[in-house]
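Several structures are given next for inspection.
Here chain A shows up in two complexes: once beside chain B, once beside chain C.
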Partner chain A sequence: MTTPPLVELDPTSGLTHRETPRAAGLLRRFARHRLALVGLALLVGLVLFCYLGPLLYVTDQVHTDLGAARLAPGSAGHPLGTDDLGYDTLGRLMVAGQVSLLIGVVAGLIATALGALWGAVAGYVGGWLDLVLMRVVDAGVAIPALFLLLVAATLVTPNTWVLALVIGGVSWLVPARLMRAETVTLRERDYVRALRVVGGGRARAVFRHILPNAIGTVVVAATFQIADAILLVAYVSFLGLGLQPPATDWGGMLSKGITYTYDSSWWLILPPGIAIVLVVCAFNFVGDGLRDAFEVRGRDR
Partner chain B sequence: MSATSDNEPVLRVDGLSVDFRTSSGPVTAVSGVSFAVREREIVAVVGESGSGKSTTAMAVLQLLAPNAHVSGGIQLLGRDVLALRGEQLRRVRGKDAAMIFQEPMTALNPLHTIGAQLVEAMRNHATPQERRSRDFRAEAVRLLHRVGIPEPERRLRQYPHQLSGGQRQRVVIAVALSCRPRLIIADEPTTALDVTVQAGILDLLRDIRDTDGTAVLLITHNMGVVADIADRVLVMRHGELVEQAGTERLFAAPSHDYTRALLAAVPKLGDRDRATDSGVDGDTKASEVDTGNASSEPDTGAAPAALELTDVVVSYATGRGTGLRALDRVSLRLAPGEMLGLVGESGSGKSTLGQCALGLITPDAGEVRVFGTPLRRARGRAGRALRGQLGVVFQDPASSLDPRMTVAQCVAEPLLVHRVRDRAERARRVAELLDAVELGSAVHHRFPHELSGGQRQRVSLARALVLRPKLLVADEPTSALDVSVQATVLDVLTRLHRELGFACLFISHDLAVVDAVCDRVAVMRAGRIIEDGPRRDILTNAGQEYTRQLVMSSPVPDPVRQRRRRGDRAAGTTTGAAR
Partner chain C sequence: MTVSRPRHLTRALALLAVPLLAGLVLTGCAQSVRPHGGGNGVPVEGGSVSFALPPSATPNWILPIGMSGYTASYNSSIQSTMYPRLYAFGEVNGKLTMDEAAGAAKPPVYAADGRSVTITLNHLTWSTGTPVTSRDVEFWLNLIKANKKRWAGYSAGRVPDSITAFETVSADTFVLHLDKPYNQDWFTANQLTLITPLPQAVWDRTSADGPVGDFDRTPDGATAVFDQLVAAAKDLGSYGTNPLWQVVAGPFRLAQFTVDGQVTLVRNDRYTGPDPAHLDEVRFETFTSAAAEYNVLRAGGVDYGYLPVSNLGQRALIEAQGYQVTPWNGWAITYIPYNFNNPAMGAVFRQLYVRQAIQKSVDQAAITRVLWRGAATVGYGPVPQGVDSDYLSDQQRANPYPFDLDGARQLLTAHGWRPGDDGIAVCANAGGGADQCGPGVAEGTRLSMHILAESGSTETDGTMQELKSSLSKVGIELTISQQPLNSVLNATVPCQADEPGCDWQLSFFGTQGSWYFPADPTGDRLFATGSSANFGNYSDPLADELITKSTQEEANDAMRDYSAHLATDLPVIWLPNPAYQVSAIDSALRGVSQNPLANMAPQRWYWTR
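Now for the complex of A and B:
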């Protein structure tokens, strides 16, 4: 073709939209989400409370002290009172929080990682493997997670890591479905097809293209999974199948406190209850914020 | 129909400016544009993406997003549109000026019948008295008949999905005509349509103008369409009006540099033969073309074909079990080093054929051989080696590159797949290829979203060629690009084809582009290759009626030639008119 050279439109000029560098843009959009910032602040606060708190506010959470059982809040040295075995409630809230947060985060991450990989393989490979993998998920969803958890709790003595593993093991189903749906659309993107044309393998497609491009979905799923996992730990402990004393978590504290409801020992129930509500809300807010930050990619005007 | 006096245009736009308020400050989309559209006049607004042509059209009916700030004057039938609000504005829209959009499927509501939508449009602008007395249904039948839809009574009861794309656009035009507007604003009305269908729609618009005296403001990027239908042309660039002139004068003697460059960038059917004669870059071209022809001589027997399809059948399962045959016993042979253009309208199976050649689709029957090896049996190490001979460039620049990889990583990926372990060697080849597609070292560490569409397509080309493949499949590689950018990409492609000597299957719906780059042309229709031969024979002297129709229908960006062609087409068959 014989054409005079024509200057191509400079991508930065005119109306052509230009995205700000990835991380900065993401942060900016996240920061615009008020509730997400509140959630993030809450999370930071809770983590500091649970992990730094015991260093500043030293209490004995191993030995019982029946002489100081069920003291009301405000008693000398016990701002939130004590429980039926004489453990300081405020101190116990911190120690229990460590366990709840740890189990929640580990279980949530296990569930997301397992689910994402499962869904990506099913979606990318397709065919009969997809069919088999997704029917397994369907079957899993049909059985209540709590039921599986209770069965597991009766088989093994629960400690922190066992609980985290078990909860992670029963809650990967939803992320798997999400990831499969995402993969099915990503698989037909031209850059993935171009890779197939030159003989690129499945592992490369999944790990180099599909998973990185689904990172938004994965991260958002992870925050919701963590919130769910914290709730699940609370359920299980509440039903008395959680950790063995003297270790405890927020659900366990609730479970014990409920016995004394009619003696108006509100300080045994409200603090762990509020803590659970706060942490679950915080993770959900952060998840919402992240989802919006990832979704508006390229059209934040 | 009251006649407007000559000095009172239907639409007058004075110093129109549009700014969009965005989070990163105001962005000017249109600045200081003035023009007028008179009765019985078709005015085309042309420009590349981002030139502000659509924004201008939308501003006329105040259809812009709320963050748009419009200033200047817009007089429609002597009334100031910018002063209108609410109910007054609603009355102007549709009644005084109607709009036709690009995508007829989304312009119609899929849940309502054609008839219901036509009647609704008329009722909306009828007085309460008229609503009782008028026979809207009979008028709808007349309208459908007017826009050339056969069996209007039956069509009224049908839903949009039961109509073809061309018929849908005719229905949209019928809706637009329902209130007898004095001005029709058509925003890329034929861009989503095949050329044969496009020709029919343009004829219809011309006919409406001729019989009803309706003024038409036509927004388009297609110079062929402009040459075919417009009386006057406005050329826009970066939100400014750079030139306005009568169509014939603009094409014959464009006064602005940009217009000249734009016109020169448009590939013209049949222009290649003239260009080589005229000597511009002709010395290199002529000799290279010769060698190209030499290598494309059918050297059957000696070397195996770069690509050979034998009786390939691909069918897609449809809802009712009867498979739709996307490819129906297709056989095709591509010699090493040959550049074959595969043309056809949408749904003809050309992309499916390309995907078969790449092994992305496994045919239901028949065989695909690449350099003599059946693609189906190529597995493992041998399979990877064979796939190293293949390269591909897809149509959509937005999805052809992984948004999370830098340009250099994208281009290097095939090397990694083919175990080129030496980092320095990889970097060298990436740099070499990016250099070959005329992208400097500055882009290496950029991400795809920082590049323009044309740059991205050139990165795709670099990625496709980094393994030095012997067969390249280019599936509409420039269809999503502006003409000036298309010209650059095509130049790069033809130069690399000359230098590297790969065989190329060039899939396109644009005959002019195929004419500009290919040696041989194959025409597809309804899953079959109906004609296959040297470029010049197919495009100037086709054996098949369908091919001739296709060539006739694709508009040439030259008003004088186009008028002659239109005459020829009218004198010939009229079978394609209502499709």
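Now for the complex of A and C:
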């Protein structure tokens, strides 16, 4: 079978076989979104803080030091103080951030990839397969992700990759619905119909035409999935079912810090709390910017 | 595109808002403080006291015969205010001694040959007006003999097996004939304290509305009576109304007992013994968590509560509210058992030098000071150290294995262990020689072990991380998994190497202390070969000999030898023993003695305000 030539079917319709905006236009529109730029700057800052920081500010985040436990910020060598086991809070914030970001990104990507493929297949094939696949999604959505996570966390000892896999595994349902809706509209586009007319296979349609044309939805969904995943990790750790010490993440740090609320140990609570808010906001701002950049209809096309 | 975002932001903000809001709410609560403290030191009769029960503790058993699943210390504390035991022990001038006023009998008199003991009862009266007699003790003994397997206090060979005959001398005097002579201090403190006179003239019936008789004198009858009492005790909702529980001989009687554990005791005006109550009423309050209790304490909602260790920094604030903050030290020890039968690590654990290296890696002073914030006492052996006693040996008191990481490393190096690429020691010289790893330890064995620890406690989490950290500096890898207390206890069982449940290596279940002793801290249940709570299958002929001596012979020498031997032979990893709780007691409430056996005597509490 030969691939039909990719031609513009109706120049006046504004619809092409690939609606992906050109990179330059995309960047221009993204750059016009100020919050998105702030989000991007925040993300870059946080990544540098977490990954470059420990190279410049070296601390021992493996061995406890009870002799230096719960020092207030500003104590010698500890600008942000220490926690109840003597770990330096600033250094721990960096190491914990690596874990939170890694789990968030990996889980977000897994959820988006799985969800996009599931939704695209359901939407494109339609019929009974669509019915079955989407009922599976409905059933999954009915069970709270946090509940599934807590069950999983009690069955296996969580480490970074297990948490990323499990969170990714319970978060793909919403992207699947989103992608299915997008696919149902794309499927009726002329170029997809043309492909069907000339006998193009389903796999080719999904992978070469549906998914690339829904890339905007996928990318935006991914940013929100990452933000969601970081929050879910924080929830699980906050409930005490996160990583095994001495590993930690921002949610775990926050959970531990809360114990000392009455002691006014704010340096154990605010830094990880603010970090979580910042990273989630940053991903959301970037997601907003990307959505606006991809969403071109009725704008400056 | 239909992606929405507000909920993500909301959730992120919510996560940060939870602690902030909690702080605001708690601050708000703290504004409405009920007055505490003051008082002029002069006793005032009457009044009521609210007492905070431990977190998640709900009293659920009124029958003064412990049954499996109903043995919590607060149950027996409440029971003994209504049904005094034959003997009670408490702390006097820092030492555990018999508390004669709290018991139902005068001190026991042993025969010269040690084969019988004569006991005379105090002049107590049941609330029906009839005196407490020898028959009431016989009633208890008959019930227990016929139903000993159902009684939580039963241990083969001990009471009631060791009592061969009950002889009534008079209405208030009886003789117990024993199967052999025992260490009399031990028998009084650990065996006679189990006996509680019960109101035979009311309870000796086989159905709720049947006639009273001498049914307990036949085994079948005793079983029927026991069944009837247990059935009534399982009906929590009827405690307040069932006339059975209104017949008491202690300084208090029951006024209210709800199914969710709220218990109210009121003064028993018909009490005729030497230890009457001063208060009109004592209310036992339940809490789902230590944090919940602390919030109420901050609001002044309890007269006798406790501070979670993580809130010990608030001590000055609580004291300024009119409370006296003082730790309640338990007659307990805390430890991590080694599973000597574990297929992978049992042979390693059997090497004394390995146990010594591990013990030298435990910085008990720092754990006590920093993690427990002083609310624990160091413990270097099998005898509790928080309360002074004649049982404690000088060796145990002096700590035979002080914290010394270099010393620990040298012990391993001297026995053929070399650091591997990952820093974990590997046996490089197998064999039984003095400079070799020891019998049964194969070459290439990594010094890596796993601990199953109790979850839910900041202090325990910290202790485990501290152990992991200091052991790693010596070349020992410790991996930790945490589960709820009941799961840890279920997994920590004595086992043989080829049994499926023998995969646990180390286990920790001592957030509130691993083991609470009766008055005499003998090791017959803990460290004797094959005993029921010897979880790690520790077996040492000398330890067995010393334990046997300590239960059968007079003098405390055997106990001190036992204390010294186990402090050096390390059947377990000794750890600091946490206080039962750090109490916050209204400073106008006096007469409070915090019994290390975790019992209390609210009849002696009185207000000075």
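One rule holds in what follows: the second predicted complex is superposed on the first by the 276 of 301 C-alpha atoms of A that agree within 3 Å, B and C clash if a C-alpha of one lies under 4 Å from a C-alpha of the other, contacts with A are read in each partner's own complex, and residues count from 1 in each chain.
Just so we're on the same page, a contact is a pair of C-beta atoms (placed from the backbone, for glycine too) under 8 Å apart; a residue touches a chain by one contact, two chains touch by 3 or more.
All figures in this text were calculated on a predicted structure; none of them were measured in a lab.
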| item | value |
| --- | --- |
| Chain B versus chain C as contact partner of A:Arg193, first or second or both or neither | first |
| Which partner reaches more residues of chain A (counting touched residues only), chain B or chain C | C |
| Partner chain(s) touched by A:His209 [first = chain B, second = chain C, both, neither] | first |
| Touched partner set for A:Phe238, first chain B, second chain C, both or neither | second |
| First (chain B), second (chain C), both or neither touched by A:Leu254 | second |
| Complex contacts: residues of chain B adjacent to chain A | 20, 22-23, 27, 29, 48-50, 52, 67, 238-239, 260-262, 264-265, 267, 272, 275, 278, 280-282, 285, 358-360, 383-384, 386-388, 390-392, 394-396, 399-404, 410, 413-414, 416-418, 447, 449-452, 454-455, 460, 463-464, 467, 482, 484-485, 487-488, 490-491, 494, 516-517 |
| Footprint of chain C on chain A - complex, ascending | 62-64, 66-67, 69, 84-85, 157, 178, 181-182, 216-217, 220-221, 224, 227-228, 231, 234-235, 238, 240, 244-246, 251, 254, 256-263, 269, 273-274, 276-277, 280-281, 283-284, 287-288, 291, 294-295 |
| In the complex with chain B, residue positions of chain A that touch it | 1-6, 8-11, 13-16, 18-19, 22, 189-191, 193-201, 204, 208-209, 212-213, 215, 298, 300-301 |
| Touch list for chain C against partner chain A, complex | 1-3, 5, 8-9, 11-13, 15-16, 19, 22-23, 26, 294, 310-311, 313-314, 363, 366-367, 369-371, 455-456, 458, 461-462, 464-466, 468-470, 472-473, 480-481 |
